[in-house]
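Here come two complexes built around chain A, the first alongside chain B, the second alongside chain C.
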Partner chain A sequence: MASAPTYTPIATQTLATGASSVTFSSIPQTYTDLVLVTQEYTTGTPTAYGISVQFNGDTGSNYSNTLVSGNGSSAASSRATNKIGAWIGYESYSANWTNIVTNIQNYSNSTTYKTLITRSSVASNYVAAGTSLWRNTGAISSITVLSTDFGSASTPFVAGSTFTLYGITAA
Partner chain B sequence: MATSTYNLIASQVVGSGGASSVDFSSIPQTYTDLKLVMSVRCNNAAYYSKSEISFNGSTSNQVFRDLTGDGSSATSSTASNFQFIGVGNNNTANIFSNTELYIPNYTSSNYKCASLETNDENNSSAAGAAYVEMQALLWSSTAAINEITITGITGNFVQYSTFYLYGIINH
Partner chain C sequence: MILPGILASGISGHLGGNYTSIATVNASGSSNTVNFSSIPNTYTHLQIRGSMIGASGGSILVAVFNGDTGANYTWHELDGNGSGIAAYSGTGNNYARFYGRNVGTSATYPTASIVDILDYTNTNKNKVLRSLAGMDANGSGEVAFASSAWLNTSAINSIVVKTHDGTNFATGTQFALYGVK
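Entry: the complex of A and B
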């Protein structure tokens, strides 16, 4: 008997034109974990500080994060609380593509706050890892990726940016 | 029948004679992303080793930025060759590194950005005995990646070092 697939693409989006956000909605509740893989950069000189996600359209101050990063000359760690989005990586621009791989564990339960771990890199600027928390016990049914971490205004993701959501099944 | 998302393209396990390098050539161009999972130990007389990655037989046009922690401090640096930390032969017997290289959109005509994470842990407090390292890699080439070579810089790969190349499809 063939074994069931454990790593399944749920949806992928490649931007035909620039956009400040990308949403995955109606996420099936049949997986154990989610993996979000993005490759993007933003237009112009960035005025925001990072890339973030919001779950289920929640724009409240219900997110926090801790991260560690290196810029090629020094290492640093920082923390932010009561944010209106969950940080997943830093912005980049001028054709410096950023890779972000984010794992969201146990996204479909209705009993725990949701956490993610993320790795983000752009060779011209930084490498970073971090964790974010969404203080909500609701199952995650939609994810919006935003080209800002709400430090200031957003600059859009460029055309050609790719966003793929995978589901992982533990059993 | 559904197409498998996460596919083993090829694997190599180093035999008793060791190996100075491992090569994956004629990589199919039919996937979206590549993931190379490595477990590495070299025969050089040190706690750690250095190995190098090349694409399409070239080590030109490479730059990376890293973030490294050794248990007592964190540093960040940048360099021009894709070299990562593994385990050396002065380390505890039977310990190998845990290393992952992720290359999104490896067939695109954009420059290639990749992420690498590697670590080794050996239950020792000795300086330089264990590491965690993250890297942001940029290969400034528009060529599709059809070959990946991993070369031991400080020594040869020892027996039981393993290299698994996976192709990931996002649809």
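Entry: the complex of A and C
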């Protein structure tokens, strides 16, 4: 079997000041999968309860998700359709860091819609996993992480929030 | 070392030298199996990353190790389908369960999966894996966690991934095997 090292950091962003969105642009098309690792929380009282991503600047209602979560006393599954962002995790605030690891498989193919699978957690609040869809066959060349799943980023990520994008290449 | 993918709650540093692509299989459309053989024993963990599509039908995604099709596998799974959650389990099965529902039922809505197989060369432990998989189709779909055990202490040197009901993987389906130091 051939083998080759991979799992390459593409870019990392650490917020020096609060921001409502973070964008990775000019993503190379040379990998098979992307992994987005974030740790953040948001300021104020959230008006939305999700963190989302938009691909290639698409702000249309072309995203959907299915998720399962548990908050320590109950578990639930929910779904959203025709959203303007792909859910990757729940929002947190008041210094409770949210950890999210999002996998975007086969991101550069131009035949299928794009599916991501994601896990997120805030130790003091919940754990969750989900899958989201972008109904577009275009190769993903940019990712914008939004501090809401409504597309109106009203509760900024705090300074110190980190966002790292990795690329994985299949042999 | 932090295991990447679904096991990582945070990742730091350059992982390139410690996470290695071992082999990739692209489905031809005429088979429901994917075979990884002669797996090197030089890693600590294995990870299989899948992107699956299908022309029709659907099936659960399963695997067998070292060609063992005996009743030597157990598993648990937690699913969410957008309106409810369900938990399943099995004992004495002849497969490890990767993902429980409707793998790749559409050519345009891929199912994504990541499976971690821990300490696969250890000859003192039964082997365990855990998986995260999901498919959303804007109004339907599912996300699932699963864990399986192979009740065998042998080092894993081959893995056959397959659909349980024989549904072929469509062209465009890909499984990639990685080794983690």
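We adopt the following convention: the second predicted complex is superposed on the first by the 164 of 171 C-alpha atoms of A that agree within 3 Å, B and C clash if a C-alpha of one lies under 4 Å from a C-alpha of the other, contacts with A are read in each partner's own complex, and residues count from 1 in each chain.
Following the convention adopted for this analysis, a residue touches a chain if its C-beta (ideal position, glycine included) is under 8 Å from a C-beta of that chain, and two chains touch if they have at least 3 such contacts.
Everything numeric here is computed off the predicted structure, so don't read it as measured data.
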Side-by-side fit of chain B and chain C on chain A, or clash: clash
Which of chain B and chain C A:S73 touches, first, second, both or neither: first
Touching partner for A:N65 - first (chain B), second (chain C), both, neither: second
Touching partner for A:V122 - first (chain B), second (chain C), both, neither: first
Touched partner set for A:N136, first chain B, second chain C, both or neither: neither
Greater chain A contact set [chain C / chain B]: C
Partner chain(s) touched by A:Y166 [first = chain B, second = chain C, both, neither]: both
Which of chain B and chain C A:D33 touches, first, second, both or neither: second
Touching partner for A:S20 - first (chain B), second (chain C), both, neither: neither
Chain B versus chain C as contact partner of A:T112, first or second or both or neither: second
Partner chain in contact with A:N99 - chain B first, chain C second, else both or neither: both
Colliding stretch - chain B into chain C, listed as 19-27, 55-63, 145-153 or 163-171: 163-171
Intersection of chain A interface sets (partners chain B, chain C): 5-9, 37, 39, 68-69, 75, 77, 99, 101, 119, 121, 129, 164, 166
Residue numbers on chain C that touch chain A, as the complex places them: 4-6, 8-11, 14-24, 38-40, 49-51, 53, 78-85, 107-114, 132-139, 141-143, 145, 172, 174, 176, 178-179
Interfacial residue positions of chain A with respect to chain C in the complex: 1-9, 32-33, 35, 37, 39, 64-69, 75-79, 81-82, 99, 101, 103, 105-106, 109, 111-117, 119, 121, 129-133, 135, 137, 164, 166, 168-171
Chain B contact footprint on chain A (complex, rising order): 5-9, 12, 37, 39, 68-75, 77, 95-99, 101, 119, 121-129, 160, 162, 164, 166
Parts of chain B lying in touch with chain A, wherever the complex brings them together: 2, 4-6, 32-33, 63-69, 74-78, 102, 104-105, 110-111, 113-115, 117, 134-138, 168-171
